[in-house]
Every structure is written in C-alpha cells, then in structure tokens.
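Here it is, the structure, as structure tokens.
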Amino acid sequence: RPEKKPEVDRIVFALDWTPNTNHTGLFLARDRGYYALEGIEVEFRESDMDFIEMVAGGSAQFGMAAQEQVLQARASTAGIPVVAIAAIVQHNTSGFASPLGRGIESPEDFEGNTYSGWGTELELAFLRTLMEKQGADFDQVSIINQSAGNFIASMEIEADFAWIYYGWDGINCELEDYPINFILLQSIEPDLDFYSPVIITSERVIEENPDLIRRFLKATARGYLDAITDPQGAVDSLEKVAGGLDRQLLLASQLYLNGRYIDDAPYWGAMRSETWIRFAAWMQERDLLDQPIDVGAAFDTSFLPGEEGP
Amino acid sequence: MRLFSTDKRMNPTNAGGRFALRVLPPLLLVVILIAALQLLADTGVIRHYVLPAPGEVARSLVQDFAVMGNYALCTLRIALPGFLLSALTGTAFALLMDRFILLSHTAYPFIVISQTIPTLVITPVIVLIFGYGDMASLIVVILVCFFPVTINLLQGLRSVDDDLLQMMHTMGASRAAILRHLKFPASLPSFFAGIRISSTYCVMAAVLAEWAGGGEGIGIYMLRMKRSFRYSAMFASILWIIALSLIFYAVALFAERFSMPWRERPAGQTDRRSLS
Amino acid sequence: MRLFSTDKRMNPTNAGGRFALRVLPPLLLVVILIAALQLLADTGVIRHYVLPAPGEVARSLVQDFAVMGNYALCTLRIALPGFLLSALTGTAFALLMDRFILLSHTAYPFIVISQTIPTLVITPVIVLIFGYGDMASLIVVILVCFFPVTINLLQGLRSVDDDLLQMMHTMGASRAAILRHLKFPASLPSFFAGIRISSTYCVMAAVLAEWAGGGEGIGIYMLRMKRSFRYSAMFASILWIIALSLIFYAVALFAERFSMPWRERPAGQTDRRSLS
Amino acid sequence: MTARTIVLSCENMQKYYGQQLILYDINLELSQGELVSILGQSGTGKTTLFNVLTGMDQDASGTVFRGSRIGYMLQKDMLLPWKRLIDNVALPFVLAGESKKTARGKAESYLSVFGLQGLAYRYPSQLSGGQRRRAAFLRTYLYSRNLMLLDEPFTGLDAITRGQLYEWLLEHKEKLGISILLITHDIEEAIALSDRIYVLSQGPPSTLWPPLQVKTNSGADEKPDPAKWREQTENLREEIRRRIFTVI
Amino acid sequence: MTARTIVLSCENMQKYYGQQLILYDINLELSQGELVSILGQSGTGKTTLFNVLTGMDQDASGTVFRGSRIGYMLQKDMLLPWKRLIDNVALPFVLAGESKKTARGKAESYLSVFGLQGLAYRYPSQLSGGQRRRAAFLRTYLYSRNLMLLDEPFTGLDAITRGQLYEWLLEHKEKLGISILLITHDIEEAIALSDRIYVLSQGPPSTLWPPLQVKTNSGADEKPDPAKWREQTENLREEIRRRIFTVI
C-alpha cells in the first residue's frame, strides 16, 4: 500500500457465540496476516450475551449477529445503532429438526408434539407461521424451555422437536448417527430466508472510520475465500482460537458451509435488499419489531470489496 | 453528672421514629439514585441499552403491570415452596450431619460440590432424573438455597456452649431433648443468618430454574424482553424480581425478630456507651 | 462401672484413624457412584450425550490435562483475588454496618438487592460498563461472594455477649479495641461460616463472569466443549471447576481450624455422652 | 451403726489433664440419707471430681458406682437463656415427658421456698446472680430428689437466704432420706450441714483425706452438750484448715 | 477527723427496671483510701447499684460523681474465652496501648500473689471457677489501682486463698491509698475488711441504710482492746443481720 499507516488499528471483534465454523474466515484472516497487512490488529471476544450492545457502545468495533437481531435492535425504543455490513452465509440454514422416529415430516405434524424452545419470541413466530401456512393449529403444540444442553439430549429427555442450525447441530446428528427429519424454514415460507449470521458495526464507526471498515472487510473476505479453498486450514485456525473443539465436527461443518458462503451471490458478503425487506416485513407483521424502521439503513454493503475481489 | 430517667418504651414517638430511621434513609437514597439515573439518561451519558431511563422503566412497569404480575406469580409458585423446602432440607441436613459424624464426613464434600457446579450444567441432569416440569424447577431452587441454611445451622449447632451441653447431659436429656431445648434455640441466630441468605436467593434461583429449562415466569419474560432489546420492560421485570426477593427477605427478618424474644435488650441497658 | 485412662492425644494411630474416617467414606461413595454411572453407560441406559461414561471423562481428563490446566489457571487468576477481595469487602461492610446504624439502615436494602438480581443479568451490565476484561470479572466475583460474609459476620458482631461488652466498656476500651479484642474473635465462627459459603461460590462466580465475556478460562472452555458436543471433555472441565472450588473450600476450612485455638475441646472432655 | 446403703462410691480413681495428674487414689463413699461435704483449696480438683463422679468426664481411671440417678448442680448456674425462669426450673419435668403446662404447675409451688416468687416469667438475663443460682439449685433438686451433687450451691447468697435454704435442705433430707455430696468453701457451712467431711489435699496431684465424722449417726435428734459441741467444732475447724493447707 | 477526698458519690439515685422501682433514694460516699462494703439480700439491687455507679447503666435518675477511673469487677468472671489467662489479665495494659509482650511482662509478676502461677498460658475454659475469679480480680486491679468496685470478689474461694487475698488487699490499700467499694455476702469478711458498711434494705424498692462505722479513722494502727473488739463486733454482726432483714 502506498500510504503506510504509522500505527496499527487495534480493534475488538465481538463473537456471537462460542467460536465455530461461521467464524473461520475471521480467524484465517488473522492467522494469515491479512489483517496485519491492512494495519489492523484484531482481538476476538466471545460471549452469547450483549455482543450487540458491546458493538453499539464501542467496546467492540465489529461483531457478529443474526439478521433478526439487527432489525430488532434498531427497532427497539433504545434505538441501538448497529448496521450489518456483510453476510456470512447467503441463505438461512436453520429449521425444525426432530428424531426420525417421531415422524415429524411437515409442520402439520408439530401438532400434539412438544417443542423444545430457547425462550425467544422469534422461534415461536417461525413455528406459528409454518403451521398456519399448512393450516395446522399452533395451540396443539406444547412448548417447553429447553433444559438439556444440546439438541439430542433434549430430544431424549424432554421434547420432540427443536429449532436448530443445520450446519452445527444437524451435522452433529449426522456424526452421531442420529437420524433426523429437518424442515428448512424457507422450504415452507420463502419469507424466512434471512441472513444468519451477519457482520455488524456501529453507525459511529461508519461515520468516523469508513476506511477501517473497508480494510477490515477486505481482509475478512480474503479469509473466507481461503476457508472455502482450504477447509483444513480454516479448521486449524479455528482450533487455534478455541482449543479442544471436536475436529471431526468442525471439518464436517466447514465442508457443509463451504458451498454456502457465496452460493448464488456474486461475491462474498453480498446482501440483497429484497431479503432484508421481506424478512423485516414478516417480522413487522408478526409484531416482532417495536416500531417500523427504515430497513435500508439496517445494512450497508458498500464497504465490501465487491466484484473485483479483495 | 446528672442522670435522667427516660423510660424509652413509654415514649410514643419512638416506634414511629425508629421506623422512620429504618425506612427513610434507603428511600431517600433510592430517590436520589433514580433522579441521577434519569439525568444521566436524559443527557445521553448512559445509553438506554446499558441502563434505561427510570421514567421509561416506570412507564413499562405501569403499562405491563398485569402481564408481569402474572409471570411473577408463576415464579412465585416455584420460589415460595422452593424456599420453604430449602429451609427444611437445609435444616434436616444440618441436623443429620450434626448427629451422625460419619454421614457428615460422607455427605459434606458432596454438598459442597453441589454448590460448585453452575446451575446451567446441573439442570439437565435434574431433568433427566425427575423429568421436565415444576419438580425439576423446585429442585433447582432447593439446590441453590439449602446450602447457606445447612452451613450456618451446622455452625450454630456445633458452637453450642459446652457447659450447657454438659448440664443437659447431667439431666439425662435425650438427644432429641437436647436438640429441642438447647441446640436449636442456641443456634437460631446462625440459622436465621442462613435463612436470610437463602430468602435473598430464592427468587433468583427460581429465575435460574426457568432459564435452565423450567416453566414460564418473570425470568423467562425478562430474558425475552432482553433478547428483543426491550430494556425498559427488562428492567421492569428485574424490579419485579427485586420486589419479590425483598418480600421474602422481609418475612425472614420478621420471623427472626419474633422467634427470639429473650434477645430483647432488657430495658435500661440499651445504651452501653460510657459517658465522658 | 470401670473407667479406663486413655490419653487420646498420645495414641499414634488416632490421627491417621481420624483422617481415614474423614476421607474414606466420601471416597468410597465416589467410587460407588462412578461404578454405577459406568455401568449405566456401558449397558446403554444413559447415552453419552446425556451423561458421558466416567471412563471417557477420565480419558479426557488425562489427555487434555495441560490444556485444561491452563484454562483453569486463567479462572484462578480471577477467582483467587476475587475471593480475597470479597472477604475483605464483606468484612468491611459488616464492620461499617455494625458501627454506623444509619449506614446500616441505608445500605442494607441495597446490599440485599444486589443479591436478588440474577448474576447472568447483572454481569452483562457490568461488562458493558467496565468493558471486556479482568476488572468486570473481579467485580462479578465480589458481587457474588461478599454477601454471605457480610451477613454472617454482621450476625456474629451483633450477637456478641452483652456482658463481655459491658466488661470491655468498664475497662474504657475504645471501639477499635472492643472490635479487636472482643467482637472480632467472638464472631470468628460466624465469619468463617460466611467464608465457607463464599469460598464455595467463588470459582463458579468466575465462570459466570467468563460466560458474560469476562475472559477466557475453564468456564469458556467448558461451554465450548458443551457446544461442540464433546461431553466427556465438558464433564472433565466441570471436574476441574469442582476441584478448584474444593481447594478454596479446604483452605477456608483449614484457616478456620487454625484461627480458633481456644475452641479445641479440652482433653478428657471430648466425649460427653453419658454412659448407660 | 445401722446398715448403710451405699448410693455413690469411687475407688482408686485417678484423673489426668493432658500429662498432669490432678487427682490420684480417690476413694469416697456416700450412703443413703447422708450429707457429705468436700472442701479443698481453689483449683485442687473438686469440680473435676464431681465431673468424674457424675460420668460427665469419662477420661479417668478407676471404679465409680452410682446407685441412683444423680442431680448435678454445676458450679456455673447454666440456665438456658431462652427459657423463662419457670421453664428452666421445670426442665426436669419436661425432659421426663410432661407437658409444659403441667411441668410449670409442678415447679411453681417450689419457687417461694427458694425465694423466687414473682420471678417466674423472667428470662435469666433479668435475674440477679443469686437468683440464678437458686433457680439452678431448684432445678437440680427437681431432677433428682434422691442423690444430689452440689457444686457450691450457696455461693453468692446472703446469710439469710442461705439460712433458709439450709433449713429447708436439712428438713427435706431428714424427711426424704436424700443423699447429698456438697462442695463448699465455707467451713462453718460444712460443719453445720454435714454428716462427714472430706478434704481434698493441696496438689497437684490432690487426694482425699480420710473423712472426718461430724455428727454421730446414732441418735441424731439428741442435742449434744453445747460446751462439748463448741470444743469439738473448734477442733474440727482447725483440723480442716490444716488438711486444706497440707500437701500430701 | 481528717479532711477527706471523696472519690465516688451518689445522691438521690433512683432506678427502675421497666415499671418496677428497684432502688430509691440511694445516697452513698466513698473517700480516698477507704474500703466500704455493701451487704444486702440476694436480688435487692447491689449489682444494679454498681452498674449505675460505674456508668454502665445510664437509665437511672440522680447524681453520680466519679473522681477517678473505676476498676469494676463484675459478678460473673467475664474472661475472654479466646485469650490465655495472662492475656486476659494483661488486657488493661494492652488497652492502654502497650505491646502484648510488655503487657504480659508487667502482668506476670502478679500471678503468684493471686495463686495463678503456672496457669499463665491456659485458656479460661481450662481453669477452675476460683482461678477464673482470681484472674478477673487481678485484671480489675491492674486496670485501676485507685478506685475499685468489686462485686463479690472472694466468692467461690476457700478460706486460705481468701485469707491471702485479704492480706494482700489490706496491705496494698494502706500503701497506695486505694479506695474500694465491695459487695459481699459474708458478714465476717465485711467486718474484717471494711472501714464502713452499707446495708441495702430488703425491697423492692430497696434503699441504703446509713453506713455503719467499723474502724475508727484516727489511729488505725492501734489495736483495740480484744474483749471490747469482740463485743463491738458481735453488736455489729447483729445490727447488720437486722438491717439486711428489714424492709424499710
């Protein structure tokens, strides 16, 4: 680069969960020095709570979140100023899963079964939408709050189906030889094809340091492209960040995601307005947003390296 | 030096005065704190997603009163029996461990261990054993709350004055009689120290139980609010949790006062500070 | 009835015997429990994703010893100073509240309130205010652990024998002297009951802090293992948490023993039970 | 001499505290209906001896025989702070399984003899030192009217209250045949009350001197010649003093 | 009569427990170098009076004058269970700011006078009743050598130990001009030790009789004629008994 920065930008990245294959591009980019090349030094922080607030408040410059969280955060009366700047995976990979033996093949079959929930309104809205679409009665489902620590255990001790991300829990079921029925959300209701997860930043960073975002995304995109071509290397990086994870699971999950990072999009990170608007409309309809919002302000793809690549 | 006779118990303003002394200062502090928070929120120093403005919280509290009240009732339905059972379990453990040395040696480490495992980890095992439902939630509450009672009561039982014990033995008192007439009254202060701690924890424990996979109560409601970024409603539900907890605490305090009449300071000896 | 002289302190097998009595029963129970779990796992009654087989947990414990040890050390770096600071804070609060009635009336409700808010709720707020890092974690640990110390010590300070207090006053003892020579030693048993409870909680509190974003330690590792379905490693890290907690507890117990030499039962009066 | 029933005896008893021998070769007998005093310098081991005799302290060697249950009044008053005076006094009845109400009823009538009338519903912390001691004494008496071991029961009482209790005690002893072993520091009291007097020698270790006979067992009712009695008493007094002071 | 310095006085003092009047119209004086005893039936209010005089109990009416700091030996021994005997005894020095070591050193030399030699490193629970009382006495003495209020200091001690302490006390009183107010139940003791004797009447409410003079202030060294002394003593004894027994 011609204008050499005298000092590096130290930034914090707030992970949305335990390090997993959604994050591998970030870790690869750091390992392979792509961030360093851009004059950035990244520190990853993991927790599953308040990562959005951390980004909004400036404790972290970037973070990861789900699309619905970005929308809800912006629609809240607190008006949390976070903006999605890149999609990790192009299509929703989540859906309702159940052990094969329960015979839950379509949303109609939810009736009379027990749903193991996470205690969010969103999943119940998913459930209701899918069932209404098929003319099933939502009230026939008994809903519990999951107590078991994982999907399979929950199925074994307390419930019949749950909402999972296939790329993680679904893959684990494959590895455990635990056959499941899986109903992908958008296979029933196309509106539910949302971006999950996305990389977020705050309006303040966009205002004050757009260049940082550009450089950050450039390096990050390189990382994810590397992950696609080098799944082994991606998993290596992930293991370096979070020792002790099950390599077999990581690899299988990584292979599952590899084809889905870019998928039908023109380039990595791309987000279509239509997806945002449709999903936001659905949320609005289901009363999941406190107030109407300007969906266009919730995401910004202008910082992505784009078509010409990083 | 001149001494004046003041029969303090005859002074009618005194009870009211003491009450004012107990209630006014914290109330005043609360008011000041709320005002300060409102100011900080209004001037934008504290963002709403860190701490919402008290005014908004109040509005939410009023608006959603019925809804939250219902959820709170659900939590109470676990917290109250859970607390009572904890007091019972804690007492039983302490008594058994005081009575049977071997049991004490055997059980003690497990009791301590039961406290060192985060609730979120232990809940699945409880559900596995007892099945999903209120029973599991109750057990979570008990698991959290029995421990302070056990430790404190056991300490109390074991610090009973040796000479009094000796006296009871000389009168041929049975173990049960020694317990009833000596050990239990002697350890009431310790017992109540444990009860105070447990009463403080029990609503929180019921909330934990909800989170870890139990019925729907104010804890679940709170989490839902938090997850959908409705901070004022979330803080309003925290206020509910606090209020419920304080009720438990106040009742415990009240029970403590009334169960030890002999500890009332004898009249005329309330003030021990020597004059100049 | 014939009495035999047995100077128990001279009996060399006794110390060993007492140790065996303390350690063997729980150990035995552990062994039985482990064997039972292994059996349940081997026969397929309990599947590994519900509860892993002890054998696997043991293997994971051995294999990942160094890794887990490192993470545990990180947790310890928070838990230890956190615990010590809690003991200090708790003691300071109790002393101040014993000394200043008005402060006590003002602060007490807030101290109780601080305990009624679930840690999982308050921790993120603390992390939001203090940012990611050790400071926030320390504060979380202190918040969890100071309370039992405060409540118990305060109870101890307030139940000091009135007559002894009177005696100290007659000797013109200053407040500080009364505290040092009378109130503090008298409330040591209560103090240590609080310390026992806190020492049990402190590692768990550090783990909770980690979960909320307070740093990487054995708690984060455990969560990772849980989320990547490595149940045996997850339980191995729980064992680490338990072990750390037990060490804290044991040290507290040890300190308790050594800080009250006057409570040693006088020789020859160890057994008070009357013969038939 | 009439045939005596031994109600309490101790043979060749020895007691250590740690390495230190406190009592050695203690031999003692108490017969039915007898009042025997034990005197000895402070710290010689009187209380310790009582602890062994009552079985409270079992870390001693030797043989102890107890013919009946023992009411033991400890040196400290040992009232339960959470019980009102009446309930403290009625404790033996409650421990024997009676209801609180009947127990109180039974105990109540004794209060005035012990000068405790009007104090029934006070807590121990609201009593004077002497009132507490009397309550403890009464409680002991109500526990066992056959055999009492009293550790300084009259200490801390004024001459008049003492006198009343002496009278009451001697009267009841005659009437009911109570056996009493009594620790006291008051030589006059010992002489006035006792049938026999043991003196514990200065120690450590301490041992019992052979008992001194005060009253002749036969014809207790006949008053001895006053002059002779006075001389005898004076001798006794001197002998007790000498014994207390002597290291064996 | 020489000019007397009053070190402690009480005028028109009145004390209620709740609604009950315990002490009324109490007037009392103690002069420099004087030993004054207070006698009275158990439960009349002697300890209560001391509590008011020392300022422990401030819920009373009347006027109290204290000319010096007061060493107050309470009726119960009140040793701190967690301190060894020597540290209990040395507490006044420690409270005065001296190091533990110097305090122990200063206290140590007194132990043998009080018959506590060899017991310095025992905890109170390892002492006999009399040993604890003597330790409490010594502690009080070490706190204030000018003015002591002693609530039954010799209770629970044998005649010989008592005698030693009497002798020591009188000697030191002469030498140092200590003023002492003493509660006792032992009339002989009161007569043997006191300059004057107050008797608290039977109550409630109780009040003080005017003091009885025992020793004449002038020419304390001259021994009075034995026969006259015996007669005088006998009268005194009778008078005290009468006063104790009388309800004013």
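A, B, C, D and E label the chains in the order they appear, each numbered from 1.
To be clear about the criterion, a contact is a pair of C-beta atoms (placed from the backbone, for glycine too) under 8 Å apart; a residue touches a chain by one contact, two chains touch by 3 or more.
Remember, predicted model here, so these are calculated numbers, not experimental data.
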{"item": "Any chain in contact with subunit C as well as subunit D", "value": "B, E"}
{"item": "Pair of chains joined by the greatest number of C-beta pairs in contact", "value": "B-C"}
{"item": "Whole-Å gap separating subunit A and subunit C, where each centre is the average of the chain's CA atoms", "value": "39"}
{"item": "Centroid distance [mean C-alpha coordinates] between subunit D and subunit A, Å", "value": "86"}
{"item": "Intercentroid distance (Cα basis), subunit D paired with subunit B, Å", "value": "49"}
{"item": "For subunit B, residues contacting two or more additional chains", "value": "49-50, 121, 124, 128, 162, 166, 169-170, 172, 211, 266, 269, 272, 274"}
{"item": "Junction residues of subunit A - those touching two or more other chains", "value": "53, 57, 148-149, 153, 157"}
{"item": "Sites on subunit E at which at least two other chains make contact", "value": "17, 56, 76, 125-126"}
{"item": "Residues of subunit B touching subunit C in the complex", "value": "21-23, 25-26, 28-29, 49-51, 101-102, 105-110, 112-113, 115-118, 121, 124-125, 128, 147-148, 151-152, 155, 159, 162, 165-166, 169-170, 172, 189-190, 192-193, 196-197, 200-201, 203-204, 207-208, 211, 219, 222, 226, 238, 241-242, 245-246, 249, 265, 269, 272-274"}
{"item": "Residue ranges of subunit B in contact with subunit D within the complex", "value": "163-164, 166-167, 169-174, 177, 181-182, 185-186, 188, 260, 262, 266"}
{"item": "Residues on subunit C engaged by subunit A in the complex (per definition of touch)", "value": "47, 49-50, 64, 67, 120, 123-124, 127-128, 131-132, 211-213, 216, 220-221, 223-230, 233-234"}
{"item": "Footprint of subunit E on subunit D - complex, ascending", "value": "17, 39-43, 45-47, 75-76, 115, 126-131, 134, 152, 155-162, 185-187, 241, 244-245"}
{"item": "List of subunit A residues in touch with subunit B within their complex", "value": "52-53, 56-57, 72-73, 75-80, 119-121, 144-149, 153, 157-159, 288, 290"}
